[in-house]
Amino acid sequence: MAASPVQVTGTVLTTRRVDAYHALTVVAPGVADRTRPGHFVGVAVGGPSTSMLTRRAFAIHDVKPDYGGTVELVFTVRGPGTAWLADLRARDTLDLVGPLGRPFPLPRDPCTCVLVGGEYGSASLFALADALQQRGCRIDFVLGAPSADRVFGALRARRMGETTTLTTEDGSIGMRGKVTDVLPGVIADTRADVVYACGPMAMLQGVTAVAVEFDIPVQVAVEEAMACGIGVCMTCVLPVIGDDGVTRMVRACTDGPVFRGERVRFEDVGTIPFDALGAPGGRHV
Amino acid sequence: MAASPVQVTGTVLTTRRVDAYHALTVVAPGVADRTRPGHFVGVAVGGPSTSMLTRRAFAIHDVKPDYGGTVELVFTVRGPGTAWLADLRARDTLDLVGPLGRPFPLPRDPCTCVLVGGEYGSASLFALADALQQRGCRIDFVLGAPSADRVFGALRARRMGETTTLTTEDGSIGMRGKVTDVLPGVIADTRADVVYACGPMAMLQGVTAVAVEFDIPVQVAVEEAMACGIGVCMTCVLPVIGDDGVTRMVRACTDGPVFRGERVRFEDVGTIPFDALGAPGGRHV
Amino acid sequence: MLTASGCGGTGRELAQFFDVTRLGAFVTRSITMAPRAGRPTPRMAETPSGLLNAVGLQGPGVEAFLTQELPWLAERGARTVVSIGGGTVAEYTALARRLADAPGVTAVEVNLSCPNIEDRGRVFARDGSSAAEVVASVRAATRYDVPVIAKLASDVADIVAVARSCVDGGADALAMINTPVGMSVDVDSMRPALAAGTGGLSGPAIRPIAVRCVWQVHAALPGVPIIGMGGVTSGRDALEFVLAGACAVAVGSALFHDPYACPRIQRELEELLTERGFDRLADAVGLAHHPPGSGPRGRTDLEESSL
Amino acid sequence: MLTASGCGGTGRELAQFFDVTRLGAFVTRSITMAPRAGRPTPRMAETPSGLLNAVGLQGPGVEAFLTQELPWLAERGARTVVSIGGGTVAEYTALARRLADAPGVTAVEVNLSCPNIEDRGRVFARDGSSAAEVVASVRAATRYDVPVIAKLASDVADIVAVARSCVDGGADALAMINTPVGMSVDVDSMRPALAAGTGGLSGPAIRPIAVRCVWQVHAALPGVPIIGMGGVTSGRDALEFVLAGACAVAVGSALFHDPYACPRIQRELEELLTERGFDRLADAVGLAHHPPGSGPRGRTDLEESSL
């Protein structure tokens, strides 16, 4: 289970643009302390008289000890909430709840890990890479996006990873194509023991398929629309197969967002599989 | 009828505190050009994703020709809308509709005018004083408020007026009491021909009673909760006696906010007088 | 793009901002037989993303309307939908008769959210049969080439049933929704915020309820033209109603915030339609009912319950 | 201060943030006989000052609830109101029986916003007589010292009539309101935003509707305890419900934004009551119905219409 989350009203330290993304560093000691790689935060958007009720979820990109503890978020403007965030300036305040979710599990022994990031999904991989390297693991990166400006963290990946492979759909940087086009090669070359992935659902599905092919474990961090982020609203569910072989509609926010890839029924996301526990006409009903 | 109003998205030029008030100068050429003393503006509050639907009404305090035309608003924080306004900084934008309402009518010939302002109500009196002085009128001010920090514009009144009398309920500046305590003396001393007043309803009622006693005309600028400010919603009505002697529920925003004081049925504000046109069981029904 | 009844004044006020003849139609406030002074103030209270109002149909009565307001609109050539309100079937009928030979009436909208004096003040719109009775008699009193629009409220257990009654009663089109009844208490004065106690809730807060009503009625009565309204503030909002089944959209409270709302929303809607490859609005009407693909997410199993 | 059904998880999630035993009561999500997987995703859509949800009563079923969830709450000494949902009167009755000898049930709340399988899916809460039937049989199956609360929805023409039926059926208290049915269409995908099409609307957007329901029912049935809910996010909102007639207030969607909402709102409410000179909450209940003065603004002529 996650570290016990807290709510803090933090001060924005810096804002910057990184290609297609915005990065926001916020002073949030209570959150920073407890964060482990893969955690996310729920951010209140819109200010005091806003019409936007739900917090927005963002992966925690970086944690620094400055000012008692800061967290950095990396995001792209998608709708009114992220537009509001992009307008924040230094010294504004930001209301965060975190850290939320289950972080990435780490291997007990040193091994070789391929970290796959799609678009801003790579944001959560650098803290993970750090933790893995501290355990003596070898790291290789595969980062992909539709275009060069949407590949996040290529430089940092090059610094940290043994190898870094980039893909873009328009070929504007790295190989033209998708991460799944190059992943088999990387796994084979590095003789990877495990794959970690964060990015769009379709990518996670593809990455999982590749890992299954190579018969190595894969940990994926999924993204589902969330109303609460703390496990009480049941809106963020997806079908996941349990240890007992039974498919349940589990919460991405507290049972995830990190799952073993092969347990997620990607094909059935957005449905209630007929054989899920409690499905209409299905098991136990 | 008012000058044809326009909507403009203006840039905030300066913000400052004046005792209990906030003053905001906004670049709004189209509005500034058309403004006459007594006009007001409707201000959108809360930003793009706000939950606050209605514009807030503010008297136009000052108009300057800088940057093509600026307007200054003076306000006190009452609720979430004015709190948002108070947080604006220079270079932020503000969405205004104006000028709205019927301005103060000016006398054709030079005469002696007493200008009575309660709290921020005095904000609209300085432009009026200017216009009156240009027509050769003598101006005397009576400004009142509960306490010294809520008397607005005392210095400017002292500069512009022949005499300026201040009243506060706590006696912290000027005479202890209300404007209506001193008004008869001022009218008598100055042999005033006309009274102009802007401030809380109770004050306008008192001022009107005094003017009626002296049998001189009185023009009052009323304040009623407004949803639109442009005359389409019918929420801002109050009972006013027409030229034909018939009481009608008229709109403060477009039929006012300036009315002849003795025509306003202050006692009946907040009711439908039984003899109003279209009253239940009343005239013509 | 229409104005919503009671939100566009007499037309003259909006004409300061844009050309009212370019509206799909100008819808008048609800006209009553006699002049009405309306409700006491406060008549409005702001709520989160909404607005409560209790204006109480203030207006000059039908005679003054016909001499002072309608001619102004007619002279300019504005398409005018006259909304009517009454306390009895007879009053609605008399209003319809009075309008029958007035020039410049494009359509008659029957505001059914008025209390029925003969039924202990029960609102017509909440009772299918009395709503149908009003519509039938207005239809009978109105010229054959002037459409009669029944305006419904969402405060009912089954909006489809009321809609069907009105159509059976002769309504040529339906307008929905009128304001659900709401209330706000001022915690400082510890009294209702409105002098009238309750009021009608409008604005974006009610849009999900309005879209649901349009969706349900369009699903049940696909051939009946629907004028959608409730919280429309942008072209995207308008398109939401169109996709749910409205063939026209009316703008109410948004006019209070943006006097140019109608032409702006019209323009935004046209752009959105063009972006999506529609030549005509008609091609988008009700489209959300018919998924282009047929994947499992495309299934339209719309139980009416929230569960 | 209560949690609203379906908004507080199992209690464990909120216990990370505050002590759930300090709640007036923890209200469970609606428990069903069998496990339910609920509705497909997307299950939520944000609307202006509101939230649409279509979770579909996902839950483990009553047996798992009794073995895995209730004991956790009971051990800690949390007052627990168990909400129940069913498709037939028999199912509600069976649930009430199953709960009757479970330790730690402070009250039973009957979620009447479920479709009645035996009445073509018509929601119980929309039909006074079937609502009363459910309440009566749950009352009969429940221990005499455990109150039965009927939870009503606002999607009816006459909330007072439904409330009266439930009280006549034996309800000890009423909870209102459950979420009005709403819908949102995604203008990009041109499909309903929720997989289920329609969903329940919650949050501040519906507060005026909820306050109005509480006001009307308290006016008609002043002796019946009411739990008010719908868009409560602050002590001021809670006080609004109390002044309208609620003797307890529940917090739902606000928990999604602020996990500490219950203790915070409780504290804010206590401060507001103290400021206004109330020693006890009970003294403020329904106070907005009884004006202290009697000036013309104090008149309470509350016609139920919005006009």
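Labels A, B, C and D are assigned to the chains in the order they are written; within every chain, residues are numbered from 1.
One rule holds in what follows: contacts are C-beta pairs under 8 Å (C-beta built on N, C-alpha and C of every residue); 3 or more make two chains touch, one makes a residue touch a chain.
Chain labels with UniProt names: A, B = Dihydroorotate dehydrogenase B (NAD(+)), electron transfer subunit; C, D = Dihydroorotate dehydrogenase.
Bear in mind the structure is a predicted one, so any value in this text is a computation, not a measurement.
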item	value
Minimum number of chain-to-chain touching steps separating chain C (Dihydroorotate dehydrogenase) from chain D (Dihydroorotate dehydrogenase)	1
Remotest chain, chain B as reference, centres from CA atoms	A
Selected pair, greater C-beta contact count between A-D and A-C	A-D
Separation of chain B from chain D (Dihydroorotate dehydrogenase), taking each centre as the mean of its C-alpha atoms, in whole Å	46
Chain B-chain C (Dihydroorotate dehydrogenase) separation of Cα centroids, rounded to whole Å	35
Junction residues of chain D (Dihydroorotate dehydrogenase) - those touching two or more other chains	40, 48-50, 53, 55, 195, 203-204, 296-297
Multi-partner residues of chain B (each touching 2 or more other chains)	51-52, 270-271
Overall pattern in which the protein chains touch one another (line/ring/star/complete/other)	complete
Complex interface listing, chain D (Dihydroorotate dehydrogenase) residues touching chain A	6-9, 13-14, 16-17, 29, 34-44, 46, 48-51, 53, 55, 58-61, 195, 203-204, 253, 255-260
Chain B - residues contacting chain C (Dihydroorotate dehydrogenase), complex	4-5, 7, 44, 51-55, 97, 224-225, 227-238, 248-249, 254, 269-272, 276-280, 282-285
Residue numbers on chain D (Dihydroorotate dehydrogenase) that touch chain B, as the complex places them	48-49, 204, 296-297
Contacting residues of chain B [partner chain D (Dihydroorotate dehydrogenase), same complex]	51, 270-271
Contacting residues of chain D (Dihydroorotate dehydrogenase) [partner chain C (Dihydroorotate dehydrogenase), same complex]	30, 40, 47-50, 52-57, 85, 113-115, 121, 123, 126-127, 153, 155-158, 178-185, 187, 190-192, 195-201, 203-209, 211-212, 215, 231, 236, 239-240, 243-244, 272, 276, 284, 287-288, 291-292, 296-307
